[in-house]
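Should a chain be cited, it is by its letter among A, B, C, D, E, F, G, H, I, J, K and L, assigned in written order, with residues numbered from 1 in that chain.
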Amino acid sequence: MSNHTYRVTEIVGTSDEGVDAAIRNGVARASETLHNLDWFEIVQVRGHIEDGRIAHYQVGLKVGFRLDGDS
Amino acid sequence: MSNHTYRVTEIVGTSDEGVDAAIRNGVARASETLHNLDWFEIVQVRGHIEDGRIAHYQVGLKVGFRLDGDS
Amino acid sequence: MSNHTYRVTEIVGTSDEGVDAAIRNGVARASETLHNLDWFEIVQVRGHIEDGRIAHYQVGLKVGFRLDGDS
Amino acid sequence: MSNHTYRVTEIVGTSDEGVDAAIRNGVARASETLHNLDWFEIVQVRGHIEDGRIAHYQVGLKVGFRLDGDS
Amino acid sequence: MSNHTYRVTEIVGTSDEGVDAAIRNGVARASETLHNLDWFEIVQVRGHIEDGRIAHYQVGLKVGFRLDGDS
Amino acid sequence: MSNHTYRVTEIVGTSDEGVDAAIRNGVARASETLHNLDWFEIVQVRGHIEDGRIAHYQVGLKVGFRLDGDS
Amino acid sequence: MSNHTYRVTEIVGTSDEGVDAAIRNGVARASETLHNLDWFEIVQVRGHIEDGRIAHYQVGLKVGFRLDGDS
Amino acid sequence: MSNHTYRVTEIVGTSDEGVDAAIRNGVARASETLHNLDWFEIVQVRGHIEDGRIAHYQVGLKVGFRLDGDS
Amino acid sequence: MSNHTYRVTEIVGTSDEGVDAAIRNGVARASETLHNLDWFEIVQVRGHIEDGRIAHYQVGLKVGFRLDGDS
Amino acid sequence: MSNHTYRVTEIVGTSDEGVDAAIRNGVARASETLHNLDWFEIVQVRGHIEDGRIAHYQVGLKVGFRLDGDS
Amino acid sequence: MSNHTYRVTEIVGTSDEGVDAAIRNGVARASETLHNLDWFEIVQVRGHIEDGRIAHYQVGLKVGFRLDGDS
Amino acid sequence: MSNHTYRVTEIVGTSDEGVDAAIRNGVARASETLHNLDWFEIVQVRGHIEDGRIAHYQVGLKVGFRLDGDS
């Protein structure tokens, strides 16, 4: 590996199914506009409750990607 | 939204299935006595191990709810 | 309970399925060499992304166990 | 001071004016049901944005009060 | 263990003797109104000084208890 | 709510008046280029002192917004 | 800028008006004895409640200043 | 209470007896040179081990005191 | 001191007496198998409550020791 | 200084030489696309080990820059 | 990558030269007894001062390695 | 060692060379006025960027020293 530089950006993925699905949804959406996504890290798990049931999960993620132009 | 006040209380939901089920169990039990539950946030995920297998998951949650009397 | 002493060690369990499976894999592997595993606590959830999809989940865990020789 | 015991509970005060007003609103509402409120501590300041302007401030507070029955 | 739910509440126990006594005083007072107290965790140790001597210790504790109605 | 994805970016708003004004200035400036701003959270409050008086307040904010293309 | 060294000290400014005034009061008082005050950072916001109203705000601040003798 | 300003300084008290004694030793020594000591807060508890036994306890404390000249 | 390397391991010492005794018990037990123990640091103080009284204290400790073979 | 707004973004600079070089590499690469870079802050230092030697250092940095259009 | 499990252990590397050398010394010493070292992360940088000069640097590191038996 | 008391103060050392030099500069300057300096700990590493290059490093340090009068 040469001396690549990475950027880290924060997203919130959501799902009405659960934590894993919220991670997958967020990463899939981010990969539409960000290339070379390399890793993620959970920073927060929250959610919304309606009528005593969980309406959706909100998972805060840091996602890292290699900057374009690095080869 | 007018100037509502919310209370935040901490619970621990448990399950022998996994993290999502422990969240759901905790929120369902809390909603029996607390009205207007609005959101949750995970503060800790622990669990008990027996004979090398996970016996149950314990998920610490902050749950927020609008105080009764606020309209 | 008498005055047992416990050790806490940190592992990273991985899975290509999700967070719960990564916890189970890590605990199962650790129990092959560590006896009397008693509890775990999640300290970090990360993962690797390939081609816009999650290639595997990496869950950092503290696991606690009673020291041998304590009865 | 004899050996009093205090309870600490967490609330979220809100306001469309600013941080100080959100603190005051939360403390005023909490004092309707909790007696002997003694101190507060800010744990989080968030807010909601609509049309590029701050619609309301949400200030998370721990509030401490002496337990009734202590004299 | 079936899928119990626990609540966690925060108290401040005080004593003019020391840290251990402040924990004991807080737990004893809390057990008068909260049933099924199961564990505590220290979150803060502070105290008041008068004339260069410690007038009393204030120990912030999270205490956890099983919700009534769970069997 | 369907499964929206949000981005979270960090800004520093400044003001020579006070904390609330620094929040408002930062959010107003960010909304010129970022659409669908939804919430903010304070992460740091600092400031510069000149001649014993506060020359300006610097308030670090995380601001979240729904990604364009989500409906 | 040559290689200056700074000291950082912690103060608590108080006010019965609000957070901004407590910052200003603390910085003004510190500047009577500390020269070359350069920046501040909030580390804690607490306050005292009397009769359900906020009696005074207590804002913990780190303040940095260039050591005398550095030119 | 008028608008006093406090300073907070950090000390490490030590003892070969235990945590409470290390707090008392540190506060007693600090009060020889700092007037108007008002409160302390533990920030760290460490210690030195020799031959498998605890040789001394080192308790990091923040201590707060009212600035002279405030009445 | 030449360039020694140290290892840091985490243990939980327990006692039904108090915090100091739990530290001593944990360090004494660790020193049976780990040589050259040099320092400890408290990372957590928890405990178990039975019938409204503290059944035992559990003190999480990091303990550091010089690696064998370093002279 | 008028009321500028700054953005803070997170990058990871890498180097096979050491921490300082990884900082310089990351800042140099970021400055190719971000104008008005003003400060950095280290948030994490990690690295990769191969054959018992450090293959490269990875230094997580927050970098702040004044938003274009502010004069 | 199949579902490997990793262990994370904490060491303190030291050097009288600087931070990078202390990292290298600690990793080199750890690699004598731990196989498959894969990554490190700095958790603390401290040092000892003698006669106003830095006598040695102490860098706390988490080091991760793949458990033997995983292929 | 008898029961010494230590003070801990925070400084910021700076350098245009790198992190190690900033530590050395800060410690050297502090030792001109503080006697018996015993240890340091890094609490923050920041720096200033000019024209895409690092103009100087700013390393926040806690430094501990034995109080005069302790023998």
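Here is the rule we use: contacts are C-beta pairs under 8 Å (C-beta built on N, C-alpha and C of every residue); 3 or more make two chains touch, one makes a residue touch a chain.
Given the structure is predicted, the values throughout are model-derived calculations rather than measurements.
Enquirer: Suppose you hop from subunit E to any chain it touches, then on again the same way; how many hops at least until you reach subunit J?
Expert: Steps on the shortest route: 3.
Enquirer: Please identify each chain that touches subunit D as well as subunit F.
Expert: Output, common partners of subunit D and subunit F: G.
Enquirer: Suppose chain centres are the mean of their C-alpha atoms. Which chain sits farthest from subunit E?
Expert: Measuring from the centre of subunit E, the most distant chain centre belongs to J.
Enquirer: Tell me, please, which of I-K, J-L or C-K gives a repeat of the D-F interface, judged by over half of the contact pairs matching in residue number.
Expert: When the residue numbers line up for over half the pairs, the pair is J-L.
Enquirer: Could you work out how far the Cα centre of subunit C sits from that of subunit G, in whole Å?
Expert: So the centre of subunit C lies 44 Å away from the centre of subunit G.
Enquirer: Measuring from the mean C-alpha position of subunit B to the mean C-alpha position of subunit I, what distance in angstrom results?
Expert: The computed centroid separation for subunit B versus subunit I comes out at 32 Å.
Enquirer: On a C-alpha centroid basis, what's the spacing between subunit I and subunit L, in Å?
Expert: Those two chain centres are 30 Å apart.
Enquirer: How big is the gap, in whole Å, between where the Cα atoms of subunit E centre and where those of subunit H centre?
Expert: Distance between chain centres, rounded to whole Å: 23 Å.
Enquirer: Specify, in ascending order, the residues of subunit F that touch 2 or more different other chains.
Expert: In subunit F, 9, 19-20, 32, 48 touch at least two other chains.
Enquirer: With touch defined as at the top, which chains are paired up in contact here?
Expert: Applying the touch rule to all chain pairs gives A-B, A-C, A-F, A-J, B-C, B-D, B-E, C-I, C-K, D-E, D-F, D-G, E-H, E-I, F-G, F-J, G-H, G-L, H-I, H-L, I-K, J-K, J-L, K-L.
Enquirer: Subunit D touches which residues of subunit F in the complex?
Expert: Touch residues, subunit F against subunit D: 19-20, 23-24, 27-28, 31-32, 37-42, 63.
Enquirer: Given the complex with subunit A, which residues does subunit C contribute to the contact?
Expert: Going through subunit C, the ones touching subunit A are 18-20, 44-49, 52-54.
Enquirer: Contact residues on subunit B for subunit D in the complex?
Expert: Residues 1, 3-9, 62, 64, 67, 69-70.
Enquirer: Note which residues of subunit J are touching subunit A in the complex, please.
Expert: Subunit J reaches subunit A through residues 9-16, 22, 25-26, 29-30, 32-33, 48, 55-56, 60.
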